[in-house]
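Some structures to go through are shown next.
Shared between the two complexes below is chain A, which pairs with chain B and chain C, respectively.
So, the complex of A and B:
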């Protein structure tokens, strides 16, 4: 931006005094030299270097002590893709994206369309719906672990009330993931709702009024006017859902820790459980690299394909 | 002008920094700070440790001891980085086994042999030899022994009576399976299990493997002889455990239960048995819903049963052995403090007030609770002390053992595959 301004200034420079022109064309260098290094240094030290290191470690069998010496080539990567728990983690990550697109975003959109208008109590409900998102992930996980508890929790209490055997959803390898998905939806729909509220408020009221005059029904207005105008927000929302799914970790740890039988691992919990806690730093780094490749590919291709015009 | 100001300013900053540096160097020379990193969570124990540290400080002017706590899992995850940084503590808690060995190989630790052997080997002679040996690798002692322990079955006498089970008659694995069946028929949950943490269930596979293979068979497996952990006794151990799992002996939802949940189930009287540490009488109480738990007279104890035809005997114990490892750059007073911590009087006090099984000869007489006295007797008569497998075999193989133990119990893997998985993992570690 700065450069283009400078270019324009020096392009039509005849009218400007000489001194001013010189100082302008030279001014970008001091600024660059002053402001770029701190950011560049931080980015290099905190982002680029660790990434490079992880890539390097991923070719070693290394427990984290001393320097890695045992080069094993691509063995760590082979082990990852042969590991059933990793496949399960991939499936679970996909499941989270799916639920976020099919359940969470429609729910958020529906609620947003109700509380975006300035009716009585809308603000209060906005706040209520947004509250779960404010909560720390770990805290949410611990609260829900208690809710799901069959002995003393809410679910157990309800079952006891109806005289049924209390279920232990988090202990059941066929059900645990769905229980977690429930918490994910509960935790993040408020965030997506806020995005949609912002999007809805940005829509020009006159367009909707025009639709009213044309005799459009409520659903027609939503489908033909609101939704298309919300397109960029929906695409952004899905993007956040995908990225959030790939990062999901701190809510799962207090809920199930990835169990039972690895049925609730995500890629990040897999990295932690199989890399960090087992002191398999080489293997863990390889998982990190795979995760990184996934993230980068997804993020860039999504932006390329879906968010091109946003 | 501005240049001159900034020059003099930076000069004064540099001078200040220098002075500061001298000052901090000065204090460091006057004081040795022993940073003591632990995972202990019981407030009364920490209070006693703090008191012991204070007493030591008053006897050794210029020495300061700082207790640092890290939560168990965080401690294990952080240790590799911490040990290689300048922030390494002077001494830290260790479970021995493969982790300690890995740490010793990297040169991050200092062996305590010189301290053990000073004064004609006074310190070494005061300790139980098995404890010293358990923390030794490559001919050197890498941690000062602190406490030991045994895993046994603890049972609720009232519930056993209600179901008509006689604990003294449980000698073999089949007896135990019979007791489980009888308890279930009486509508009582036989065993409390913590499947979410996995390691509570690894006790079962470990003990069964010990009973099936015996000490010799176990050491052969570690050395990779006779198919290693893929040998018959280890598959048989898995089969024995499958038989238990089929009876569904654990409380509902045990796969989502932590160790604390399991202790609570036992302490609340919701389950009749628990395979657990020597400190169960204390921990079942603190974890129970009422915080009081079962009174000592309601709790009984019996050793893990033997298996018919197995090479192991009932006096072979699975249990912890903990110590304090000293880091390379620790102040020289660290060993002095550890020797103090392992002196007879202190160990007696620790045994009495914090219910540890002491490692110093003669200190176990201070153990007063009858249940703990039984444990002390069992320790004194033991024929083999096997450290927990998730420590002994190293963190990676240990995690595999924990995983397969849980899977066997819950029917997720068959015994042969389980043995193969352990062998596959361990084959990478054999040198």
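So, the complex of A and C:
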């Protein structure tokens, strides 16, 4: 009797973990088989394979019909780097990076420090500054095409007011890119400002109070306390600025489409204008591969070098 | 998720000791700067909206001020036209399908990565995260060939599926981080009670995940609503164009009549602006916190 009770108890104690383990291992596979494949299949077929195929197609001269047969080796890559428009696109992408780091981020930080302080209407200003970021790039480009228009736009109106000849910035190959850089800052500074506001809010106030007690001036506090503590936010902000600038396309199309005479081409508009519209699948794929290499090496090395500890 | 827009204002570098009010001089400096920048943001938008009420002749002489004679017909003609509503509904259908699939597939896959140990799981997760590093534009030509071979050119799915695929990395990343931060005790307790993975996902994980569902949903909705390059490549018929393509076509057709283009731009960005002011807290938090965490 006693034995059997003991036996039953010990049997139960053995059965319980066994059953739990079995139910775990039994229920693990159905979930994996049901939950993983949709994402895996879609991602593989529409992201990874196309990227691999871009590498493959880039060795061919192919117009997209039938199968690629005309193998031309590295010729597409040679053509890209010999193309003046592509060189201009690289310079322009570099300019956009430069402006987002040297103009946009200081501007965003300056505004964030004001909007984060105790003033009336701070919330209202944050909303206004963030508004351009939610608008589509295409819409922003279209609006600024109007702003820059010499005949009917705001810049034309200002020139008219001063009795000057109306300028046509977007049609001037020496000025068009700078006009576009202005739109880039207009569109994206609000996003970076929000990052900085979040960063400022994470700073421990007692550190600033301690600096006050030590007699630090406003600027000293900013340079010696706030800025170092914002390090990770600055690095993140630069990262988004760089990655975003490599992708710039939507905004350029309504503004200039890459012209006049290729002066506002970026890597993606170059890919579109020279690969897609001419159905040069091989050449366009090669541009895609170059862009891919830029994006991935930049993202990897930036994260490794600057964001190791974040 | 940090609630950026609504959390209490803090003392920035320029502010004196907390609790103390700013000096009047500093305040004036701050307000003048803020109003100046706000003006640069607002004036282009406002003059676009007002320009839509003008005649072309008036636009030439007076692009800034109020219209002397309000041309309501510029706007009403567009609102009463079929193409405006067609473009809006195309955009909405594409965005809704994109959001639904990005949420469903992303949450399901992320659940596996957060809770189940299986062979190669960390490699598979990194595989998905590669997708965060390059834009759809890099592979757009082979993607076009693939979509063409699948017979999906000029269909909504031809736009939706690539958008979902390119959003997968972001979705899985955000969901996984969130799921892993849910209390582990819930999971242990559920298993002791004999609850399987599926029921746990449906009845415990998802109801607790509203904030992250909102974040991922907002990010994928906004990026689909604003997307230009994918529909540009995948769609041919104007009847399926979402509004960013429609706006370009409209501008091409009425290139000599800026006032109509301005009215059209205003009406196409109006839904975004209204949605932004209605749900600003969620949209700002979603777009920035989402970016920070991915």
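We adopt the following convention: the second predicted complex is superposed on the first by the 273 of 310 C-alpha atoms of A that agree within 3 Å, B and C clash if a C-alpha of one lies under 4 Å from a C-alpha of the other, contacts with A are read in each partner's own complex, and residues count from 1 in each chain.
The rule is short, and it goes like this: contacts are C-beta pairs under 8 Å (C-beta built on N, C-alpha and C of every residue); 3 or more make two chains touch, one makes a residue touch a chain.
Just so we're clear, the structure is a prediction, and the values are computed from it rather than from any experiment.
Q: Would you check which partner chain A:184 touches, where first means chain B only, second means chain C only, and both and neither mean what they say?
A: After superposition on chain A, A:184 lies in contact with neither partner.
Q: Looking at chain A, which partner touches more of its residues: chain C or chain B?
A: C
Q: Give one of first, second, both or neither to describe whether A:165 is in contact with chain B, with chain C, with both, or with none.
A: In the superposition, A:165 touches chain B alone.
Q: Could you tell me if A:281 is touching chain B, chain C, both of them or neither one (first, second, both, neither)?
A: both
Q: Touching A:80 in the superposition: chain B (first), chain C (second), both, neither?
A: Neither chain B nor chain C is touched by A:80.
Q: On the A-aligned overlay, A:64 touches which partner chain: chain B = first, chain C = second, or both, or neither?
A: both
Q: Once chain A of both complexes is superposed, is A:108 in touch with chain B (first), chain C (second), both, or neither?
A: neither
Q: Mind working out whether A:256 is in touch with chain B, chain C, both or neither, as first, second, both or neither?
A: first
Q: Using the superposition on chain A described above, determine whether A:151 touches chain B (first), chain C (second), both, or neither.
A: both
Q: Touching chain B and also chain C: which chain A residues?
A: In chain A, residues 64, 149, 151-152, 276, 281 are touched by chain B and also by chain C.
Q: Taking the complex as given, what residues does chain B use to touch chain A?
A: Residue positions touching the partner: 73, 76-77, 80-81, 83-84, 99, 102-103, 105-108, 195-196, 198, 252-257, 289, 394-396, 399, 406-407, 410, 412, 428.
Q: Could you pull out which chain A residues touch chain B in their complex?
A: 61, 63-66, 149-152, 165-166, 168, 170-173, 176, 256-257, 259-261, 274, 276-281
Q: Spell out the part of chain A that touches chain C in their complex, as residue ranges.
A: Answer in residue numbers: 20, 23-24, 27-28, 30-32, 34-36, 38-40, 42-43, 45-51, 53-54, 57, 64, 110-119, 121-123, 125-139, 142-144, 146-147, 149, 151-154, 156-157, 160, 186, 190-191, 194-195, 197-198, 200-201, 203, 205, 208-209, 212, 218, 221-222, 225-226, 236, 240, 246-247, 249-250, 253-254, 268, 271-272, 275-276, 281, 284-285, 288-289, 291-292, 295-296, 299-300.
Q: Which of the residues in chain C come into contact with chain A in the complex?
A: Listed in rising order, the residues of chain C that touch chain A are 2, 4-7, 9-18, 21-22, 27, 30-31, 33-34, 37-38, 40-45, 47-48, 51, 56, 59-64, 104-106, 108-109, 111-112, 116, 118, 124, 127-128, 130-131, 133-135, 137-146, 161-162, 164-166, 168-169, 172, 191-192, 194, 196-198, 201, 222, 225-226, 228-229, 233, 244, 247-248, 251, 258, 261-262, 265, 268-269, 272-273, 276-277, 280, 283-284, 287-289, 291-292.
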